Structure formats: structure tokens, C-alpha cells
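Input: one structure, supplied below.
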């Protein structure tokens, strides 16, 4: 009795396991004549504000390219998976893209940790990989197959410090979110401070889900800094902005490019007034002069995105949009040869994109300079360019 | 009018009946099935077979709230009062079913009546019930059961752990209650005290009734002692 | 001095919220001995419903608040009927997994209804922050405190003065004894669920103006509330209130005097200490239960 | 008892592993199987504690994380060969478990759950905040692939065999423990701590021992995870993971070794399948979890067997 | 009556209890209890409900310590010993409500009972040394012997919870014997058994005694207690009210009063 009961347990388990594996095998599709491009974004989870517009923008860019005849007459096809912002999920998704879908290149992920988790795999598979995450660790040191389109914290911090220096402020307090984005910002803020003759007098952090930051801000206020820099992504910084108004702190508040979206103004409401932040030009596209090299690309993208998805464009989708166009132009004439695509990518120069004008090289896989950022000030619930 | 308890498997096919306005006591050593029987009557034990009728209404499948509504209250073994609540609240909760019957006025009267029976309780109305002495707690438990205006009151070991004086007092109250028309079933280990107030008695041994009769008969019967203290030394194996 | 006061204000505001959430945990625990890991999600439902009704539909505050609390209470009721009562083997671990499943389900539901974005809403009143010796006290904080206190007083009265409240505490003391005197314990459990989740909804509704509400806000709040309930002593109303405030204030002081990165660690180290030294919590006296 | 049948089961298992390992060419499936293996180890480790000894832990991801971080720091920062970092990682986790276990295991029920949960949170915060050593919230980069002498486990296939060999060994070990004097005492504690003490089982010591053992196994899983992904970040070892491990054990079936395997497989693959539901994924996942627990509270393995049994009985009639 | 106890002390006392007090939240559960158990004897411990028998049982088996007084086992004070240490020393018990390991087989229950008489630790079991296998074999033989003794060898591989109640009792008894105790405490072993089962149990207890194991018996079934005990100790409301051979105790006035209540009229 006992023996057979045990046997049945094992057999049931084994049968189910085998079934599960093979049901997956059978689902594998044959690849057609199209170029398959993999996309991995954190469509759900805490970083969904990045992943969701990125996914939509990638689809948009691919549709546009296909409408225009594709790459060398071959259509592009997007295969997109959700990482949920989780490194293990990213690794499986990358594995799936490389081995099951056999894609030509991969775009994404949205966050730095997931990108770092994906890198060893794509390096080994020798596959062009364009990340949409901000962290500088991604392209520093240079890895042959890894590129990224999002502006780095380096440039964002540089823009902020340049502005602070102009104002003659010497002391800053910083408050950063306790995750990869905030930490990388914190590192850059502390590293670059001395270059601009600025001292970071107090560095605080807050949890991504915290409901109140007055304690941290009180602590910063004690040091009486000339400016407060907050580094985080929605919704935390909106709470910081509110708390600062409530504590009646008059110090100028700088935010990172992580909140460069209309959502931030909506969340922070009146508290958003007078906040300064660096952003890609997308937020202020209509304020740009006609001579700006990005003007055309930007207005096309915004119009297409808003009419296609019926929602306001976010500052983040552009990373994926740029990545698709960069990839498409690098793929021209390669016939899908990955090494050639990689070389072409490295040789791209003066490519006007959403996030800036890209100039890739052997030593620069981000291809952007500080001019990719403009400083904006929030006035009456809208963005104003700061000269 | 009669109430019957039918056969109950858990206690090995016991049948007994209780007539209105009498005090019946169930005596016997521990583990002889008395408490199990009471639990079954109150609906605490769902697993019994047989029949139980109360005023010709079957108690089958009834849960305790329904049993209480139909007029049977239990004073459980170990009293089971609510120690953190005040004495008054304990009593009011005893009248929970009365409140639900929208009989709030009668509750007030009942409250006076039971505190008349046990004047100690009135003095301690606002104290947490847990601070009462054992005897007072027992009185509270009885008073609480009375608040539901039962026609049949079941008491499980009301004398356990109490001084003889208090046991006497409680037994007196039972007699008063009987005169008020309440039928009482008393489960007791303290056989002599119980038989003194009871009209009839059943002697339990290991789950079945071994003796029954009027209280006086039982008091006189030597076998009652046997049920507690066993046969004489040595008889046991001789019988095998 | 001014800083300490400011930390205190911040701590009290957060603490009040933890307290309300903890009360929900405690209330349910005392009636059912169940820890509802989906409680934080009911807080989320409360916050997002409040935002939608008040900011989205532009309802006046009072009806929005009432409807939010009532609706979430109803959800709690449904939860008990559909997911808890049918359980065949009400083992604690099984119930925990069910509530974990419910929390994932509710979070998913929240995401479907409200999307992934965060929402904010105006404070209940547009009063500027009050200056107390240089420290700023938010008008909303006062609202929160007042509501929490009113709620506590209300609950206290409910448990002490009404028959149903007393019956509920009786159930908490001993289900068997309550059953014997004719209290329908199943209804009491249902009521406890509805009340506890309504408590969660209140917490959500009052914090919606101070913070940003999104579908995934519940997990952390739920954990903190659980922590607070444990600190004070599971199953005790005043313990939950005390635990909540204690946790909030210590967190704020932890940020002020230790490090903001270790803020959450402060809470959990404290929790471990309390568990080791006095596992029944600061106020709780109930025997430590096992699975 | 059942010694021969056990050998047959193991043989079938080995055969299945070999067949799958050689038969599957697609690295993605191998990867899924590797994850299943790692999760099986985790589920197994918690099952020893929760299913057999009856002690709940809501902070098991901490030990998983300690295993991963210790090997990451040793191999990447200090260039220690992985063969040496393995015992270090496992011992470290066991040591921490020992220290934490002494006061924590005195608790029971929700208090034990809360205690382990708090411990897990603290460890998670340490991973996040101690950035000079752990790389902080951005994670730890540059963990080398696993090498042992001439062997290098840098392909999916190699890693698959490695992980499943470890799983097989772990299963055999656990099986042996359960069928031994110690295992019987453990199960006795689960069935009734009072009675177990009354037959002379030192319940405190034994609970601590199994807690330490369980921590070691979780650390082993962490070690394998770190060298598989080459990158770790605190998020992987948080509260959500702890709960997921508990779920694997309960869904698979408590006190069932093959149930652990089954639960781990299901919970690893389920999200993959649920991708089809996209937006509804979470809702469906939550619903499945609830439904299984409501209707099959003894877990899927036992539950399905029960249903099969009932079906057979009905047909016999 | 107390004097009679002393005169009976022919053999060496295996267990001595002297002046033991225990309070629970202000209530005196036990007051100044003292008696001896002689090597190789059967002693009955009786008393009405709430007399403190269970408390005394728990004190002897180390569930909680006494507030005052001394308990000596084989001449050695065991007041502060923990439960499992006492088992190792040789005090085994059964439970009133039968506490078997329900999810384990009959055989496994006995094997757990052998816990103190076997040694293998976790590591050894994992690696399965030859010694482990030898020990396991020995344990198996011993367990089979014990099952034969109580007549359950046929049901070795059944789940213990599937056994009828009477057999569960026997199994629990066998499990306690597996610890090779010097003193065996039986908490209401006849509760829930029918007449013939009780008789068989009585025989079995006598056989156990004949193996030289001392027995302390708490039992409500007086027929059983009176027929097999050599000495009876009677407790009432936390105090010892009588001690002596069954016949003496049965006719003792105080005992009668404690059981049947005092006559009022």
C-alpha cells in the first residue's frame, strides 16, 4: 500500500514535470523571414513607469520602420518580455530571446540591475544589446556588445552642478532613493562635487515606498545647504517636493531626470513650482528653436506616440525608440550579421535621437554628451527652459 | 410534556429522559461520558447519532445559538466565563438571545432576579469577571445561563473545586430555581451533594448508564460507591 | 530641539497610520486568530478609491470617505465568504498562503483598475502647516490624528458599550463560551472581517493626501502595520495603537539620529528585541500561540 | 522499508535528468530547468524546516542571499576559488542561522513567523545598505563562472547537470535524514512537541539543528544562483522571495520531498505560462494560489492523489 | 495514615517526593506533597477532579518545575531537569488523551520512542555510516520485540491514527517502554477502553512490573487501580489526604468524603 502510494506520488510529479517541459518545447515557433528584435522591459513592477512607455515606443518605432519598407526590405518583428524589474526574470527572458526566439539584437531592460544581470549572457551570445537604463556601470568599462541610449547620471549630475555653480552655491544636501537609481545618482553627486567646487554636506536616503520624508529633510535643513538635490523616480520625489513646501524650506530644489514626466507635476501639484531639473529635450520639444538638430525627430515622435496610444508622451519611452532606430540604421546592409551590426553601431555618428545626438565610438557606447540635457524649471505646472 | 435524549454513540447508547420541573442528576466517575452527553445536547458536538427531543422538537443539527434560543442553557465545566469583561457584561451577554428577541425590558427584570439570587454579583458589577473568586465565578456562570431564560438548565460539575459552604449555597439556589419552573440536569462527581437536591439520578460508568432511580434509592445503594471506588481489592481478577 | 520636535511630528503622523493598520490586524486576529497578509492591499484599495472619488470624480470628502470605507468593508466581507470560510482545512499555514494569494490578486486587480501610475490628492483642508516652536505640523497630520483618535474612541465604545461589541470581545476570549451563551460566532467572524478591512480602508483614505497612492503601496504598509500590531501585542486594541505610534516615532528618530538607510532596520531590530524579550508584545497578555 | 523502490525512483530520476540534459538543445529550456533545480533546493530546505519539523520561516530568502553574497564577495572581490567559497558560504549561513536560531526558535506560531520575517528584512537591508562590500542596491557585478579544477560550468548544459546532481544529492540526503532517527524525531516534533519531548527528544536542540541545516541548503542554492547569473542584487533576496519559497512548499505539499520538486517546478513555470494573460497575470496567479489552497489544502501532490483515489473508489463501486 | 507509608518502605525508594508546592496564578495546585515510590512497585494516584494529579504528573516528568520541595529520582534531585533529560534518566510516561505521532506508522512511533537509546546524529544519518545502519537494524529488532509484546506487530506499517483507540493506547505504552524506563507514569491508561480491554491492560501492566519497572498509575477506573496497585496515594484539592494499601484507602472516611461529598443531613 505504502509503496504504491509513494510510487504514484512520484509518477504524478514526474508526469506533470515532463508535460510542463514538453508543452513548452512544442510551443517554440519557427522563425520567418523577418528580423526579430528582442525587447525586455519592466512592463509591470516598481519600474513600470519606465518599461511601459518603452515597450510602447519600441512597438511604435518598429511599425514606423516597417511602414517605411523595413530594413533592406525585410520587416522587423518585436518579441517583448516583461522582466518585472527582477534580475532572475531578466536572465530567463534573455535566454528565451537568444535561444528560443533567436533574435538578432536585444533592446532593454529598463533598469540598471536588470541590465547588469543580462550583460554576461549577451556578451557570451555575442549579440548586439542596447540598454535603456541610466546607470553608468553599464558602459563603464566598455563591453563590446553593450550599448545604451539613456542619458547617464554623469551628464545629468554635470548639468545640475553646472547650474548650481553658476548660482554661486557652495553647499548642497542630497536625498536619494534607496535603490539602484538613487544609489548611482548618489555616487555621481559625491564624485563630481569637487570638480565644481561644491561640497555635499548631508546625504540622506528614503525608501521607494515611504510615505513621509520630513525626518530626512529636517536633518538636511540642519546643515543649511544652498540647494537640495533629490534623486529618485516617481512617486518618492513628489513626496519630497511636498514635504519641502510643508516644512517651509526655501532652499532651491533640484530633481533628477528620473522624474522628467508630466506625471511628476501632476503628483506634486503646487509643490512642483520652481523645481529645477535636467531633462532630455523631449519635455520641452515645442520650446526648442527650429535649428535644434533634434527638433524634427522629437515632434514626429511625440505626435506619433500620442495619436497611437492616446496618452501623453513620457520622457522615458524615447530610450527604446532611439534604440530601435539606431539598431535599424546599423543593421542596414548587414544581412543580420551580428558582428557587422556591432561595428556599424560603434561607427554611428551624428544620429539625432529623442535623448540627444548620438556619437558612438569604440570608447563611448553611450554616445551622448552633456548637451543631451537641458535644465528646465517648473512654472505654473509646465516646463520652462532655463538659459 | 417530556424531553427525551435518545441513543448517543459516543457515550454508548445512553437513553434517558427528564420530566419538566424536576432535578435530575447524572453522577459517575470522570470519563464516564456525562460531559460528552451535555455537549451533545447543546450542539457543541455535531457527531452523534440517535434522537434527542426537547418539547417534541428534535435537536438534531442545531447549533448552540439555536439550542439556547429554544430554551436550553448550559453552565459548562470550568465555568467558561469571560474573564476580561465585567460581571455586568457577562450577564448581558448571557441574555444575548433575549436582546435579539427584542426583549430588552425583560432583561432588566431578569438582571434584578438573578442578582437577587446571588447578591454578591451585584456588589461586583463593574469588576472584571476574572477577579472573582472561584465560587463567585460559578455563581456568575449560573446567573449568566439564567439570563437566557432557559426552560432547561444543564449544569456541569458546578461544585468542582469549591468549598462545601458554597456548594451548599449553589444547591439551595437550584432548588429555588426548580420551584420557579426550571428543569435542571445536574452533572456531578460530588454524588452526595447532588443526590440530596435531586429527584432522580442516573449513575454513569464508562459511557453507559449502570444504575438509575430516585435520589433516595441511589443514596442508599452500595453500588454507587462501587462506581467511584471500585470493587474490593482482588474481586476484579477473581471475576475474570 | 526644533529637529526633535519635527521628528516627533513626522513619527506621530506615520505612527497614526501604522496604528490604524495594526488595529485592523489585531481585530481580525483576536476574533479569528488569523493574520491577513492581504490587509495592506485593503489599505491600497482604500487609498485609491478615495483618490478616485475625491480627486477623480470631485466628490465632497465626507461621502467619498464613507463610500470608500463601506465599499472596502464589503470587499472584506466577500473575502471572508469566498476565500476564508470555504477552506476545508483551516490550518494556519494554509490560511497564510490564501491571504498571500489574495494580496497578489488584489494587487493585480488594483493594477487593472488604476493602472501602474501613482496618484495624489489634495489634503482634506487647505490650511498651511502650523508652526510649533519652529517645527512644522501639517494640517493633514492633525486630520489624521483626529480621525485616528475618534476611531479609537469609537472602537473602544463599540467594544465596551454595545452588545455586538461585547459579543465580539466575548468571541475573542473564548469562542466556545460565546457559542454556549448563544452568540452566533460565525457572524461575529464575518463582522470582524468587515470591520478590520474597513479599518484598512480608513488608513488608506487618510494617507492618500500625504503620500502618493499606487497599486503596489500595500505591501510595505501591511508589513509595518503587522510589525506594529506585534510590537504592541497581537489582539489588543490599545496595544496596536501603542505599537503603531511607537514604531512611527522610533523610525523617525532612527532617521534623525542613526541613518535614513537603516530606517526600516530600526523597526525590525526593535521588533526582534520585543519578540525575544516579551513575545506577547508590550501590552498583550495572551498566551503565545503555536501553529 | 521501500529501499528497493527508492533506488528505482532515484534511477528514474537520474535517467530523466540525463535524458533532459542531452535531449534539450535549447538553452532556454535548460535555463528554466536550472531555475527549477535551484528553487527545488530552496523548497526542499524550507520543507525540512516547515514540513517536517513544523517550524515556519518567513525569512528564508536571507540564507539564500547570504549564500549568494558570501560567494560573490569571496570570488569576485578576493579572487577565492569557488570550490573554497562554497563551504565558506554554506558555513556562514549556518553560523548565522545558529546565532539567530537560539532566541528565535523559542517562539512559535505567528511569533516565529514574525521573528523570521524581521530577521529576513534586516538581512535584506544589510545587503542594500552595506554598499562598500555588497555593491548596495545596484547589485553586485562580476561574479566569475563556476570552476572546479579542470571543469568549468559556463554553459547551460554543464550548469544543468551540476544543479540537478546537487538536487539529487540533496534529495537523497533529506530522504536519509527523514528516514533516520533524527528525521523521525523531527516529524515527531511536528506531530506533537509535547509527546516528542516525553519520549526523550531534545526538541530545542533538534529544532536548532534542522534550522541550521535548512539555512545551509538555502545558502547552497544561493551559491548556485550567484554563479549562474553572475550578478546579484538585494531585490532577489527580499520578503517576496521568502514568501515565494513558503508558497512552493505549501503548494507542492508539506512534508513531501517530491512535493518540493513539484511545487518548485510549478511556481517557476507558472509565471512563464501566465505571460499570455499579460495584464491579468497577477490576478490569475493570485486566484490560482487561493483556489489550490482552498480546495487542496494538503498541496497539489497530495490533493491530486486524493482526488484520484476518490475517483477510483467511485469507479470500483 | 501518613505513618503507614513509612512502614511500607522495604525496598529502596526509586522516586522520592518531599514537601512539593506548586502555585498557578495564586491558586495552590499542590501543597506540601510527599511520598515515595518503591523499586518495582505499582502505585496508584487517585483523587477527584481538580485534585492536582495532573499537576503532580507534570512536575515529576519535568514539564514545569516545583515552586518548593524536592523530587529525587534514583537518589538524584531532578527538580530542574528538562523533560527529555528525565527520559534519558529513565522516566517515561503516557498521556491521558493518547499523544501518538499521528502521521507516522506504528513502527515509526516505536522507533521515535527509542530515541534516547540510539545515538546517530544528523550528519551520520546523512552519510549513512556502517554504524548507522547497524544501529538502525538493532533499533528495528527492538521495536519489533516491543510490538510483539503489546501484540501489534501485524500492524507495523499502518498509520498510527488508523488504529482503533484501544490499540493506540497499547502503542503508546510500547513507545514509552522503548525508552527503557526505570519509572513508568501512566496517565489514565484505561480511559476510553472497554471492560475486556481494561482487563488485558491490567495484565500487561503487571507484566511490565514483573520486568522490574516501577509504575505510577493515575486512573479513574477504580476496579483497575485497586486490583493492581500495591499502594494508593489519594489527593484532594492539592493535598495528600491518604496513602496506603488499596483496602485501607477504600474504607478511609476522608477519602469517601472527598469522592462522594459530605452528607449534609
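Which chain is which? They are A, B, C, D and E, in the order written, and residues in each are numbered from 1.
Methods note: contacts are C-beta pairs under 8 Å (C-beta built on N, C-alpha and C of every residue); 3 or more make two chains touch, one makes a residue touch a chain.
Model, not experiment: these values are computed from the prediction.
Participant: Considering D-E alongside B-C, which chain pair is linked by more C-beta pairs in contact?
Facilitator: Output for the comparison: D-E.
Participant: Relative to chain B, which chain has the most distant C-alpha mean position?
Facilitator: For chain B, the chain whose C-alpha mean is farthest off is A.
Participant: Using C-alpha centres only, name the chain that sits farthest from chain E.
Facilitator: It is A.
Participant: Averaged over CA atoms, how far is the centre of chain D from the centre of chain E? Could you give it in whole Å?
Facilitator: Chain centroid spacing, chain D to chain E, equals 41 Å.
Participant: Roughly how many whole angstrom separate the Cα centroids of chain C and chain D?
Facilitator: Whole-Å distance between the two chain centres: 32.
Participant: Please work out the Cα centroid separation of chain B and chain D, and write it as a whole number of Å.
Facilitator: 54
Participant: Just curious, how far off is chain B from chain A if you go by their C-alpha centres, in Å?
Facilitator: Chain centroid spacing, chain A to chain B, equals 75 Å.
Participant: Counting only residues that touch at least two other chains, what does the list for chain D look like?
Facilitator: Where chain D meets two or more other chains at a single residue, that happens at 1, 128-129, 281-282.
Participant: Mind pulling the residue numbers of chain B that touch at least two other chains?
Facilitator: none
Participant: Scan chain C for residues touching two or more other chains and write them down.
Facilitator: Only 111, 219, 261, 264 qualify.
Participant: Can you check the complex and tell me which residues of chain A touch chain D?
Facilitator: Contact set of chain A toward chain D: 2-3, 5-10, 12-14, 16-18, 20-21, 24-25, 28, 44, 81-82, 85-89, 91-92, 95-96, 98-100, 112-113, 116-117, 119-120, 124, 135, 137, 178-180, 182-184.
Participant: Show which residues of chain D lie in contact with chain A when the two form their complex.
Facilitator: 1-2, 5, 9, 12, 16, 20, 24, 26-29, 31-33, 35, 128-129, 131, 136-139, 141, 154, 156, 225, 228-233, 235-236, 256, 258-259, 261-262, 265-266, 269, 271-272, 275, 278, 281-282, 301-302, 304-305, 308
Participant: Could you please specify the touching residues of chain C with respect to chain D in the complex?
Facilitator: Within the complex, chain C touches chain D at residues 29, 35, 37, 83, 86-89, 91-94, 96-98, 100-109, 111-112, 219, 223, 226-227, 230, 234, 259, 261-262, 264-265, 268-269, 271-272, 275-276, 279, 288-291.
Participant: Quick check on the complex: what are the chain C residues that touch chain A?
Facilitator: 3, 6-7, 9-11, 13-14, 17, 111, 116-120, 122, 129, 136, 138, 207, 210-212, 214, 216-217, 219-221, 251-252, 255-256, 260-261, 263-264
Participant: Which residues of chain C touch chain B in the complex?
Facilitator: 163, 166-167, 169-170, 173-174, 176-184
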